[in-house]
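Which chain is which? They are A, B, C and D, in the order written, and residues in each are numbered from 1.
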Amino acid sequence: MPATEEKLVRLDPAEIKEEMLRKYPPKVARRRAKQILINEALENSTPEITANVRTIPGIITMRGCTYAGCKGVIMGPTRDIVNITHGPIGCGFYSWLTRRNQTDASAPGAENYMTYCFSTDMQDKDIIFGGEKKLEAAIQEAYDLFHPKGIAVFATCPVGLIGDDIHAVAAKMKNKLGDCNVFAFSCEGYKGVSQSAGHHIANNQVFRHLVGLNDQGRPGQYRISLLGEYNIGGDGFEIDRILTKCGITNVATFSGNSSYDQFTSAHTADLNAVMCHRSINYVADMLEIKYGIPWIKVNFIGAGAAAKSLRKIAQYFGEQALMDRVEEVIAEEMPAVEAVAAEVRPRTEGKTAMLFVGGSRAHHYQELFKELGMRTISAGYEFAHRDDYEGRQVLPGLKVDADSRNIEEIEVEPDQSRYSPRKSEEEIKALAEAGLQLKKYDGMIPGMESGTLVIDDLNQYEAEKMVEMLKPDIFCAGIKEKFSVQKLGIPMKQLHSYDSGGPYAGFKGAISFYREIDRLVNSKVWGYLKAPWQENPELSASYVWE
Amino acid sequence: MPATEEKLVRLDPAEIKEEMLRKYPPKVARRRAKQILINEALENSTPEITANVRTIPGIITMRGCTYAGCKGVIMGPTRDIVNITHGPIGCGFYSWLTRRNQTDASAPGAENYMTYCFSTDMQDKDIIFGGEKKLEAAIQEAYDLFHPKGIAVFATCPVGLIGDDIHAVAAKMKNKLGDCNVFAFSCEGYKGVSQSAGHHIANNQVFRHLVGLNDQGRPGQYRISLLGEYNIGGDGFEIDRILTKCGITNVATFSGNSSYDQFTSAHTADLNAVMCHRSINYVADMLEIKYGIPWIKVNFIGAGAAAKSLRKIAQYFGEQALMDRVEEVIAEEMPAVEAVAAEVRPRTEGKTAMLFVGGSRAHHYQELFKELGMRTISAGYEFAHRDDYEGRQVLPGLKVDADSRNIEEIEVEPDQSRYSPRKSEEEIKALAEAGLQLKKYDGMIPGMESGTLVIDDLNQYEAEKMVEMLKPDIFCAGIKEKFSVQKLGIPMKQLHSYDSGGPYAGFKGAISFYREIDRLVNSKVWGYLKAPWQENPELSASYVWE
Amino acid sequence: MLLRHTPEEISLRQALTINPAKTCQPIGAMYAALGLHGCLPHSHGSQGCCAYHRSTLTRHYKEPISAGTSSFTEGASVFGGQANLLQAIENIFTVYEPEVVAVHTTCLSETIGDDLPQIIDKAGKEGKIPSGRQVIYANTPSYVGSHVTGFANMVKGMARLAESTGHKNGKVNVIPGWVEPADMEEIKRLAALVGAPIILFPDTSGILNGPLSGEFKMFPEGGVTISQLKSAGDSVGTLALGEWCSAEAARYLDANNKVPCRILDIPIGLKATDRFVDALRIISGVSVPEEVNHERGQLVDMISDMHQYFYHQKVALAGDPDQLIAMTEFLVSIDMWPTHLVTGTPGKAFEQRIRDLTAELPYEVNVKAEQSADLFLLHQWIKKEPVDLLIGNTYLKYIARDEDIPLVRWGFPILDRVGHQYFPTVGYKGGLRLLEKVLTALLDRKDRDDPEQSFELVM
Amino acid sequence: MLLRHTPEEISLRQALTINPAKTCQPIGAMYAALGLHGCLPHSHGSQGCCAYHRSTLTRHYKEPISAGTSSFTEGASVFGGQANLLQAIENIFTVYEPEVVAVHTTCLSETIGDDLPQIIDKAGKEGKIPSGRQVIYANTPSYVGSHVTGFANMVKGMARLAESTGHKNGKVNVIPGWVEPADMEEIKRLAALVGAPIILFPDTSGILNGPLSGEFKMFPEGGVTISQLKSAGDSVGTLALGEWCSAEAARYLDANNKVPCRILDIPIGLKATDRFVDALRIISGVSVPEEVNHERGQLVDMISDMHQYFYHQKVALAGDPDQLIAMTEFLVSIDMWPTHLVTGTPGKAFEQRIRDLTAELPYEVNVKAEQSADLFLLHQWIKKEPVDLLIGNTYLKYIARDEDIPLVRWGFPILDRVGHQYFPTVGYKGGLRLLEKVLTALLDRKDRDDPEQSFELVM
């Protein structure tokens, strides 16, 4: 889009960065400077960015809290576990049906508690005298009403402070109830620096209390698990459709459209395909160490990326039949995708996008915009770590700060009975030589153009500044950002909730995303911002009668 | 209701009448005076009223026109005849689904054209060059689209003036189409003085073109036809329910919920029960003369009246089995009715009503109000004749004026093949001695209290005056009157359309009417007419703070 | 099915109209006349016409509609209705004491050829019209045009009262067209906000959305006054909103009173309202206050907020030309797709205007404006090419139920819902209301039909 | 079924809340603070609280909601949040330049025991608060009361700005309670019509229903100003609309500034609006203009016109005490039957008031105001005793779909429809809108369910 090109040429990224920082108090400016990176095409290294650090008080951040990451993101999508929030009513209320992680509970007799909000609704006396008794009673009431397979307890801020031992209560009730797995999450909102800590706390407990309980995993020839896919807007449904079409069995999804039994049998899969690296890569590692399941990074966002991911999976299993089937499926699916792309591209070609969301979407969605001929001129994550920006090679060097130190890292070792390496050292080396690197992720930065801005934990002020300066054709973030951006006349697409759209994953998802972006950037409404008398205020010309 | 009592005492009816007339120009006052009658309990005669005379131009009448009476009232309720209005679009449009004559077209394959409006939509060229060709084409188009059993054509004002011979066109098309009975109605709006002329024109044609065509009437032991029941709000359904329960077969209803075949086989019934005397008594006479079917006046409006009517029918057939069954049914139905009456009466007892509607409802509905303990303090018809007010004994003496003269009276004589008197002279005499007088109707007046006002063709001005003076608790008329009355704070019940209520006939109908009147006269809204500051405008008292 | 006999196959009809998308002239004249202060409309014809018009208007407004009739008899229709009308005029002024009587003809009196000006003149000469009172008239043959034509004719009848003193009054005549009382109120509010002094006629606000207070006012407050109409001849110009409803009166004022005019669309939707406001501020030489920009911005805001839900939704519409034109422009302007349109009011210009407004759609719309452009045809089009939404009067509910398509009631008559009397659909606020109604219809349907797995909390 | 696990049988719950009919205090404080001109609300707690409140308010209003957070870390929650708040205040005034920062606490900072007045005082002393700028505060422990309590607390925080000069300003303070921006606008319009000069606080009109114009104003026009709030101490009196939302602030002004007060219901429906208007005209010693009587009469008119359709229809409601009280009175006043009511905001007085308002019903209503008064219980009541209509926030749509009962969205939050931002439900016009919505819900259902033989054209 010429207008934007021009701006990009005129405005040197350094000026933009400077402009964004100018107004800050010195201390703030210094800290933010480290999280705003001007991408340069370095020989064979990736520029360093500061990430996963505290948000500065008073700065209007996009971030949420640990509870949100734990209860909202990771555990929310599981339909048949009763999730009880232990705390005042708010946290439970706000995380009630507000994410669009869809679930398919249509099977006869299927349980689905996702439409419910369960809370101990702590009152002042509970804060003063402690809430354990109430929690215990709440678990009992939930059990008596629903007799679920599992009950999960989530701690909110005050719980840690008043010293309720939710794990002891959970253990006691699990013991008492007998046929119900009760477990708890110390996901108080103040822990860590963002949702990310919550993901970690959640995944640790899933690994500890659920994985490995059930050796009867979903049968199939090529058995994988999908890690870090949350079925927002039905993404997981589309991915499952494609996998099934290819003859690949999805044993367990962490945690979109998931059920209790999927988690407990996840250790029986032969490959873990990681979608959202940020929220779950450590689970992939633990599954490999404890059960011998290798993992690869995949990305089903973008038709090309989806095809690539399918080929990687096929390559991993190494059987011709599967590779052929995957090619057949891709050949079947792509024409429809390309047809829509071809129809839409003339209206999107050359337009620019900004993406600030999550721990992997800001990266993944650049694929879809590329397929639309759109350029990502700035991007960043809300709660990611350096490895998500720069690649896993930085992991060893990451220093653990005060905030991360408190987030438990589980030490795992091979499971006596269940450890069985799916691939031998040699096979793994062979795969690597054939181009399939296991547990590899290069992060977002390498894929981005030089001169683009990579910004971690972007805040409202910086967003507004940047949009005003760079006038992107579309801006992607979350609900809190949607309308401040749109007030500026720039269409805004939510990439947490997808607004009310989706799926955008896989082939059908690509098609709906193309159409959605077409709708957004070409909506007539952006031409109505000014009234005629605002465009031509002069009254000189007297009225023209018939 | 004390308040009203008082008013009745205070206001002498003569004063009221005088007050209503005071403002009129002398000529108008003279004419209206004859149509406003103060009821007096005369020894053994009924006071005379002037009715079925022209409405004075410029006076805002309740009346409609001949077309409305013919197409709207009489022919409208028949589901399987295509009714084509020959004229400009308006008449067809306004009579499109605007009466609540319900029909049961649920039988598989049943035809129902009542939801459709068919019109030749005459344009100026049709007025100038004549509309016969267009009418002919319209009939053909209707036939090609629907292949109905019958097509009826209705003339609107201009048709008569420009001399379209609709009967010739109808005959021609009937002949041409072969399997479709096409007939026409010269029901131009300017004919007669009210809808009444339209009823007559419609009934004549039904009698001439339909009755007698089909000797296979609905089988049954006690076979009657219901004349002058239009199934508004489902009245006819309720009456049919009761008749069926009693073992009485309704061969044909004129014309509520009727079908082509009912009309054509109506001559096979053994008794005609006349509901609306005004709109159809002459058809009853014709059916008797031509086919030998006696008729009695019935009234299913009011539980007591319904019971009485059932007994009359049973008495007519004279068989014990039927009489017993009728008593059983009444005994079964009445308790529910009486229970509701008992519940509602404390809230309606002593209240007053005014009824100005139709040709029989203003009479029939007084029964229901009586059952609620309510007094009818004024009533009148919109389009009735003297016999409907005073009783059939006045018929011989009625002088035929210019307006009536143009409304055809069919001369009928016994049908060669089909005439068979259902009762012999002796039987009829015996029935009379036993108290069942055939073809007897005493009209509205004898049933009304002395001092009440009987007003023919009441107009808006008089209605307003009277309501202001007598403050009835409820006023009954039609849609045009509804809101001018309610603006005065008096609940108004439509007795043409029943608002959206009904059925009110029979036993279940009585119950719903009791509840409806309870709702209307006791609605809280009538207490909200004045705001607090209108009731206590003085500001003297300064505001009372806590 | 309620309309079980309607076939999908469309056959040519040249004589039979089925389920009309129009009615006849006189009711339009009656509605217009009710927008004149102290006016009693009078129907010069059989009493059935008057009864039908009063009933229809009453059902639409749930308000008393008073009007007189000449109560033609057979005699009158042979010898002419002069005697009836003279008698009616005398009785009306004596009994009801209106300030104006607005007489319109019917197919009957037109066919006979009654000469209204002559009869009214005679009534005047015979002293049947009290001094200071007026009798205006319109010829409204039912067999020409439609209710819209009748409305336009009576509005022209009002324009005939205009007088030119030679001194401009600094006002703008605004002829709102056939819109609801609430719309007329909104147009006045908007003009006042802009700071443009206007004379609005007709003006049914306050008359057909009156209070319940225990008194029946045959002639409520509200309505344009005779003196205002007289002064309309001195206005600086006339804005006629709607070619079909308002242009004739405006052109009459131009020709007879040298009051220049401009024909705009009815201000329904963003763009038409922009044009109306822009015209007002230029004529009056005022600058548009922030308050108006704020209201406008709110409408733009709602369009952007909810765009995803109405984007490319197909709509079938039935109604009157001026309203359909404005609505079509509005729908297209928010990326909706008006797909089938019928109006019984004839006019090739209408069809062309709709084609122009919808030129950018990926397909050619079905649009027809003539005798056979009825709801029967619309239904057949819908059977062939289904739509997501219906917009039109209450009669569309039969199609809506049979075809299971949500219906937004808009236009005339609305016999089964309330709200149109009180809430405008013109102006920016009206746009908000229309959008809300469209969205409610579409989102209620979505909530009904979404599979449980994608049942949405947030929309 | 969406709520397939909800049994009809009701079992006692003392610890577990399921599907709450309330949320926590801070969001109420945040909403109230947005009704202050140039104010940035600030959440003193973990950043998740702020994120949740902003998200919920954004979904409800489809507008940007700006607010700061102290972004507590584990350290802060051990050593206290003073450092965070001081830093936040400095950053906020430097970067966003608000006129006021309205700080509210959270369960976290309350449990720690942070002392807001002391910290704010310190910030002032350290020059972190630019001169002329303000920091107000409210203690809003999430484990006490509900979002309603938080709203009331922040409104009281505003009242603390009131100053008494000893010279009365002739104005009336009106505390509208938790109503929509459109409602606050309507209250101002009504007061202006009556001719009563008022100070309305909070006032979110113009702030949370803003235009789309190409610019993002973090602090839009609108909102009560600091100087108005200061002057509130000189007002002749305070009308607090709603015991739960507004009384505390009013009583504070009474006690501290000798401004007498009166607690009225929120003016929803005919009677409550009558009382509000009557109070205004008596206090201001003005007589109510015809225009108000006219609006009032229109509402009475619609009640009478459509009475047959809502007469004795049973309604289940969930919401907040002040709103439910006014709505219940309105429903009863038009002969509807509120049958089940829940609010998560505790208050025996509420239950008693509802019982009094519904005393005339032929049965005792189900009403509960406590922790276990949640939508789960409401749903169980409905299964036992079905109703014709649901009135409440968007979360009721799950019950509505499962039980096939029409839902009128009203209250907070409304996440899936628009209109509440723009069209008031208070005042007489608001009553018209509520009636229209109720009627649309009931009549649409009737049209859907009527057998064909009684499908109605006219309603």
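Descriptive notes on the structure:
Here is the rule we go by: a residue touches a chain if its C-beta (ideal position, glycine included) is under 8 Å from a C-beta of that chain, and two chains touch if they have at least 3 such contacts.
If you're wondering where the values come from, they're calculated on a predicted model, not measured in any experiment.
Farthest chain from chain D, judged by C-alpha centroids: B.
Between the CA-based centres of chain A and chain D the separation comes to 34 Å, rounded to the whole angstrom. Between the Cα centres of chain A and chain B there is a gap of 72 Å.
The centroid of the Cα atoms in chain A and the matching centroid in chain C are 54 Å apart. Chain contacts: chain A has residues 97-98, 483, 486, 525, 529 touching two or more partner chains.
Of all residues in chain D, those that touch two or more other chains are 2, 59, 62, 210, 212-213, 293, 296, 300, 303-305, 395, 398, 452, 456-459. If each chain is drawn as a node and touching chains are joined, the picture fits none of the line, ring, star or complete shapes. Chain B contributes residues 97-98, 100, 102-106, 234, 483, 486, 497, 499-501, 516, 519, 523-526, 528-529, 531-534, 537, 539, 541-546 to its touches with chain D in the complex. On the side of chain C, the complex with chain B involves touching residues 2-5, 7, 11, 13-20, 22-27, 42, 45-49, 51-56, 58-59, 62-77, 84-85, 87-92, 94-96, 106-108, 111-112, 141-144, 146, 210, 212-218, 344, 371, 376, 395, 398. In the complex of the two chains, the chain C residues touching chain A come out as 237, 254, 260-263, 270, 274-275, 277-279, 281-283, 285, 287-288, 293, 296, 300, 303-305, 307-309, 311-312, 333-335, 452-454, 456-459.
On the side of chain A, the complex with chain D involves touching residues 23-25, 28, 54-68, 84, 87-98, 111-113, 115-124, 126-127, 134-138, 140-142, 144-146, 156-158, 160-162, 188-193, 402-403, 406, 460-461, 464, 478-480, 482-489, 525, 529-530. Here chain D touches chain C in the complex through residues 1-2, 59, 62, 206, 209-213, 221, 290, 293-298, 300-306, 394-395, 397-398, 401, 415-419, 422-423, 429, 432-433, 435-436, 439-440, 443-444, 447-448, 452, 455-459, going by the rule given at the top.
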